[in-house]
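You will see chain A twice below: alongside chain B first, and alongside chain C after that.
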Partner chain A sequence: MATTTTASGKQRRLAKRRNHDKWGYVFMAPFFIFFLAFNFYPMFYTIYLSFTDLAGWATDANMVGFQNFINIWNNLLFRRAVTNTFILWIVNFVPQIVLAFLLAYWFTSRRLNLKGVGFFKSLFYLPNIITAASVAVIFSSLFSYPRGPLNLFMLNIGVIDSPIDFFRSVVMTRLIVSFIQFWMWYGQTTIVLQAGILSIDENLFDAARVDGATDWQSFTKITMPLMKPITLYVLITSLIGGLQMFDIPYLLTGGGPQQSVETMITFIYKQAFQGGRNLNVAATASVVLLLMTTLFSLLVFNSFRTRATKPRKGAK
Partner chain B sequence: MIKKRILLSLTTLAALALVACGNGDTDTTDTGDTGDTAADNGDTDTDDGEVLETEDGEEFDAPTTGGAGVLDVWTFTDEAQTMINDYYLEEFAELDYEINISIVPTEEFETQLDPVFGSDSAPDVIFAEQAFVKKYVESGMLVDLSQYDSLVDGAEDTFDYVRDIGTQEDGTFVMNSWQTTPGAFFYRQDLASEHLGIESPEEMQEAIGDWDGFLDTARELRDATDGSVYMVSGRGDLSHPYYMSRDQGWVVDNQLIIDDQIYELMETARTMVEEGLMMDADPQGEEYFAGMNADEIMGYSLPTWGMHFWLKPNGDETAGNWRMTTGPTAYFRGGTWIGVTQTSDMQDEAAHLIEYLTTSEDFLTSWAEDTGDVVSNEVVVDAVRGDYEEEFLGGQNHYDAFAEGITTIDGEIITEFDQGIQGAFDDLALTPYSKGEMEMEEALDSFRMEVQSLYPNLQVD
Partner chain C sequence: MYETGNAKRIKMQRLLLYVFFTILTLLSILPFWIVIVNSTRSAPEIQQGLSLIPSGNAWSNWTHLRDRGFNIFQGYGNSFFIAASSTILSLYFSSLTAYALIVYEFKGKKIMWGIILMLIMIPTQVSIIGFYRFIANIGLLNNYIPLILPAVASAPTVFFMKQYLETIYHPALVDSARIDGASEIKIFHTIILPLMRPALATMAIFGFIGSWNNFLLPLILINERSMYTLPMLVQLLTTDGYRTEFGAMYMGITLSIVPLILIYTFLSRYIIGGVTAGGVKQ
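Take a look at the complex of A and B:
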């Protein structure tokens, strides 16, 4: 009698545990529902749209094969948008990674032992907290013509004779957009790189110091190689973000002057919501962007892989 | 709406699919609030509706539809609210249905309306302004108003151009308006007397009656003031009069038309920049509005509503010194039309509202008297035009002066492509050419390229 109750009690407990397991699916469900509804379905719907002629008021989509892809290949504005996007990204990324490395190195250097590191880290991160809309407003009034603060300042100290219309100059506008991207994101990059440096085993540096390595040597021979995975991460996320550059160019000048800061996403946005509301073109451009993002990420990924002698685990 | 939004988020997905977390260089979306407009929220209705934001961070309530038995009106002007609440509902207090008015800021109006237009979630009544009215008129998704006899009878007295714009290419009359929006040249009488010896609007009109006279007067002004007073603020004061003096609209038979007047506009703008005759301020920019209170700009080209909404509030220190005259050419700018969607289940009620707002002489008379708006009914305009004295214009009768210009307006040249094409023209052709950054053909080429991209089905050259 007693044994049977214990046995059935055990079974009950087991049964209960199995029920608990099912809750795992329930807790996971929200993510998958959201993923399917807002990521998975839209992606395939967009790919589908890129093969149709849906535009303007039309509600029925007709299949047109690869016509949209041929058209976008011949679309000069889209080509210009691709070039612009890369120019803006490279001009912002190169100085960004250099400065971020330098700051990360200073912040972590035990020999320098800087004071107020925490304060400066927050200070450099601050631009990232301000929303893009506000940043765009701040910069457009800073650089405004003919009586913006910067123009007035430069006139007063005699650097220039007549005000400069920054947003009418292709080079200036691109520089300003790249600078804003740089300014908004170098703090973030610094923090990521610093985390990478701090994760390197201290013993390696100590050993190097015992062997008589200089600061520069231990930086180039220890820090840099061990930072590869984290640099790869920074590079790929920045590339993906850079290819999707939208808010600053759009809010600052709307793509002008002379379409010089028209990026791929501003092109997609304009196609989808302005003019003839060419959803098919916007969808096609989105698919092209997806392919480009995939391709470039794989390229970067592979080029890092082959050169790394020992892929490190864990730092990812 | 969701489907279209998703297009944008697709690329975000691409990022997410590759890397689980995002540092990224930019965000594709912004949820920013610039802060300076946050104060506006206090007086907005906070039902349980969604709150959206414009590009500049200004918040607004998402437009709503009330379902069966509620007449949904989507508009971008708060005038609509006043007209409906204080006039229509006063007159017809016994209506057995509710009217639900949603006000969406102009720049967001199309993005809110387009995705639902033509579906069951569309509102019953829509307002549309000149920049995009033709898009909805030609959509073929608005109710033919000519089936309502009393409305058609009332519209007999509506100015021709107003009706023309509300009429589809095939002759179907789908939208009508309560107002006309003729433009004028507003100038500073005190500056004109001091520097040009011009003592009255008539003398001014004589001097600037055509573009040659306009340029000569501008040169005279520059010489008399050593360039410290400009004739106009910038290209914005030239483009609207020039647009309206074209022979053909931007698009005829699916072909992009660059009218002779467009070339002339580009030349005039360039001349004025080169010779220092205009300030070259961006239209509706900081300097543009600041000039209304300073002594640097002689005049502005503005329509009826421009005087009320732009000049008066920004020219409080110069009030009383302004006068108005026709300028080199008669033109109009803006205006709001009203139509009924075919998906509406309350078409008769909607038409009744439109009939009252756009054709009722009683309403239009009191609206004209209460607000000074130049209404669309010829009979009413003729009856009231003699009775105005605008203190801002030193006692000049603005209504009479505006009414003068209405009959010369041609509505035929407004097309459904105007908004996109004019934006592209200003950005890519007029501005760079006037500033001497590009030559004519180069500028027009990039303009054509953009137009082709916005409207792939148009023939651009």
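Take a look at the complex of A and C:
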């Protein structure tokens, strides 16, 4: 991929003859060594542990074949964690992508020609850079019972008669977690989609305008189809990110009530580092997560391949 | 160009959109603002109702927080040390790796690039169990080394650097230096790195914030209270000790978010630019 993009094959070959190329290995070496030590080895160690019975304070691990995988298939809490993770992600992602598309459309509309787009964009993005741990604690106090700011506000304006214990309700807690994810990420998605729209050839829109297409028609007939690869990319990166959800649910309620916001990573964390220290269970759950992530990443690779015909040139 | 009716409609649409954007803006700011205001109010004031106007209780909230052993300055220091060191490592070695991938032809280059692309998509969280055991086996629990050194192999940074270098690199840049007999590493240091300054600045911001906000990894590796990073300190605010000390709790949250909000007010242009250019995910 890289070799063909730069149009300097001749000079490159010249450099090759001068035998500088061995430096490629030298310069890549640190990355490669640290990749092996801190990514590759831990990943395979995790996979290895998923086939052992290592738990508690034991130091020796015995191979148990696929027993852990059979167990985890029957583990109701893990199944719930998987379901929760997807529920939380979908409830956050659907409104997120819709709003981001609308915002990106409005921000780039020449007919509307809105002012202050940069200002609004930077404010919509703000929650994304704030420490997720802090965000979780902020929302746990804003929604707290009985005298949290939101309860007090709703009592004062008379919307409710008695305070609501949000974190006792499965639905409310899930909605709050999904809302936080939505709130932290729609700004980012908007920016990516806007960059995508801006990279579309202006002539297409001009031609459509000459043919009498409305703005909305241009959007649905030109923008949307051309944005398909980027949308898929956003979808899958968001999904992979969503599968790793930990900070918010863990610090908001610790997974409760009734394990309603227990996610795959909170499950892994709790299995490995709390109570019985079931490293084998946690490792097995990690492998399941790894398989899911790999599957979704392969989809991204394909989306990259379709996108390769029309490279996205970024910032405007 | 447009008839008046159409122009009027556009005006109306614009107005509605500005109202909508203002609501979203408030949604972005209000949660933080309420927390900051509450950090200046006493516990009874906080329990009376919501306010958007600061009160005069900040100092006493701060002393309460300090008396509970919430050592925010230590947290700042620890997080800063880890974030700064790992950012420097990741910038230097990612640029070096990107340079190698662009300039040289060598066997296995395609495989390395494939590995890097895979690494971008597969988050480190999936191997924390193996990572934890590995670090425990080599005796580096309660140590910052496992939080810093992995930054040498930072795939997303390599990806970004390579994209940038592709747009600016030309063999003529280095050929004359080679003829003058400069070594390859010297060429990288004196010619390439300075040219990459814009990309380095962008990735410095993202790398720093990413490390600063990291919670899971320090949570499993660090037990020593004096070594807690900022997100770990924030976690303490959810414990029972703060059930009644609302002012102190809000003060703790405020102190954890104010540095980022300040940084953002100065650097938001570059951050938005970085997201636009690379679709960077933290």
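As a convention for this text, the second predicted complex is superposed on the first by the 274 of 316 C-alpha atoms of A that agree within 3 Å, B and C clash if a C-alpha of one lies under 4 Å from a C-alpha of the other, contacts with A are read in each partner's own complex, and residues count from 1 in each chain.
What we mean here is this: a contact is a pair of C-beta atoms (placed from the backbone, for glycine too) under 8 Å apart; a residue touches a chain by one contact, two chains touch by 3 or more.
All values reported here derive from a predicted model rather than from experimental measurement.
Participant: Using the superposition on chain A, tell me whether chain B and chain C clash or fit.
Facilitator: By the criteria stated at the top, chain C and chain B clash after superposition.
Participant: Chain B or chain C: which reaches more residues on chain A?
Facilitator: Comparing chain B with chain C, the partner touching more chain A residues is C.
Participant: Between chain B (first) and chain C (second), which does A:Gly276 come into contact with in this model arrangement: first, second, both, or neither?
Facilitator: Touch partner of A:Gly276: chain B, not chain C.
Participant: Please work out whether A:Gln244 is in contact with chain B alone, chain C alone, both, or neither, and reply first, second, both or neither.
Facilitator: both
Participant: Could you tell me if A:Ser286 is touching chain B, chain C, both of them or neither one (first, second, both, neither)?
Facilitator: The answer is both, since A:Ser286 touches chain B and chain C.
Participant: In the overlay, answer first, second, both or neither for which of chain B and chain C A:Met43 touches.
Facilitator: both
Participant: For A:Gln188, is the partner it touches chain B (first), chain C (second), both, or none of the two (neither)?
Facilitator: Both partners, chain B and chain C.
Participant: Applying the document's definition of touch, where does A:Ser134 land relative to chain B and chain C: first, second, both, or neither?
Facilitator: Both partners, chain B and chain C.
Participant: First (chain B), second (chain C), both or neither: which does A:Arg110 touch?
Facilitator: Neither partner.
Participant: Could you say whether A:Ser297 touches chain B, chain C, both of them, or neither, answering first, second, both or neither?
Facilitator: So A:Ser297 meets both chain B and chain C here.
Participant: So which positions on chain A get touched by both chain B and chain C?
Facilitator: The answer is residues 38-39, 42-43, 45-46, 49, 131-134, 137, 141, 147, 188, 192, 233, 237, 240-241, 244, 246-247, 251, 265, 268-269, 272-273, 279, 282-283, 286, 289-290, 293-294, 297 of chain A.
Participant: Going by the contact rule at the top, pick out the chain C residues touching chain A in the complex.
Facilitator: So the residues of chain C touching chain A come out as 10, 13-14, 17-18, 21, 24-25, 27-29, 31-32, 34-35, 38, 46-50, 93-94, 96-97, 99-106, 109-110, 112-113, 115, 117-119, 121-134, 146, 149-150, 152-153, 158, 162, 166, 169-172, 175, 178, 184-185, 188, 209, 212-213, 215-216, 219-220, 230-232, 234-235, 237-238, 246, 249-250, 253, 256-257, 260-261, 263-264, 268-269, 271-273, 275-279, 281-282.
Participant: Applying the document's contact rule, which stretches of chain A touch chain B when the two form their complex?
Facilitator: The touching residues are 38-39, 42-43, 45-46, 49, 55, 57, 59, 71, 75-78, 89, 92-93, 131-134, 137, 141, 144, 146-147, 165, 168, 181, 185, 188-189, 192, 233-234, 236-248, 251, 254-259, 265, 267-279, 281-283, 286, 289-290, 293-294, 297.
Participant: Which stretch or stretches of chain B touch chain A in the complex?
Facilitator: Residue positions touching the partner: 3-4, 6-19, 21-35, 55-57, 110-111, 114, 117-118, 139-141, 285-287, 417, 420, 427-428, 431-432, 435, 437-438, 446, 449-450, 453-457.
Participant: Could you pull out which chain A residues touch chain C in their complex?
Facilitator: Residues of chain A touching chain C: 1-3, 5-6, 8, 11-12, 14-16, 18, 20-28, 30-32, 34-35, 38-39, 41-49, 106, 111-112, 114, 116, 118, 120-134, 137-142, 147, 149-150, 152-153, 156, 183, 187-188, 191-192, 194-195, 233, 237, 240-241, 244, 246-247, 251, 265, 268-269, 272-273, 279, 282-283, 286, 289-290, 293-294, 296-297, 300-301, 304, 314-316.
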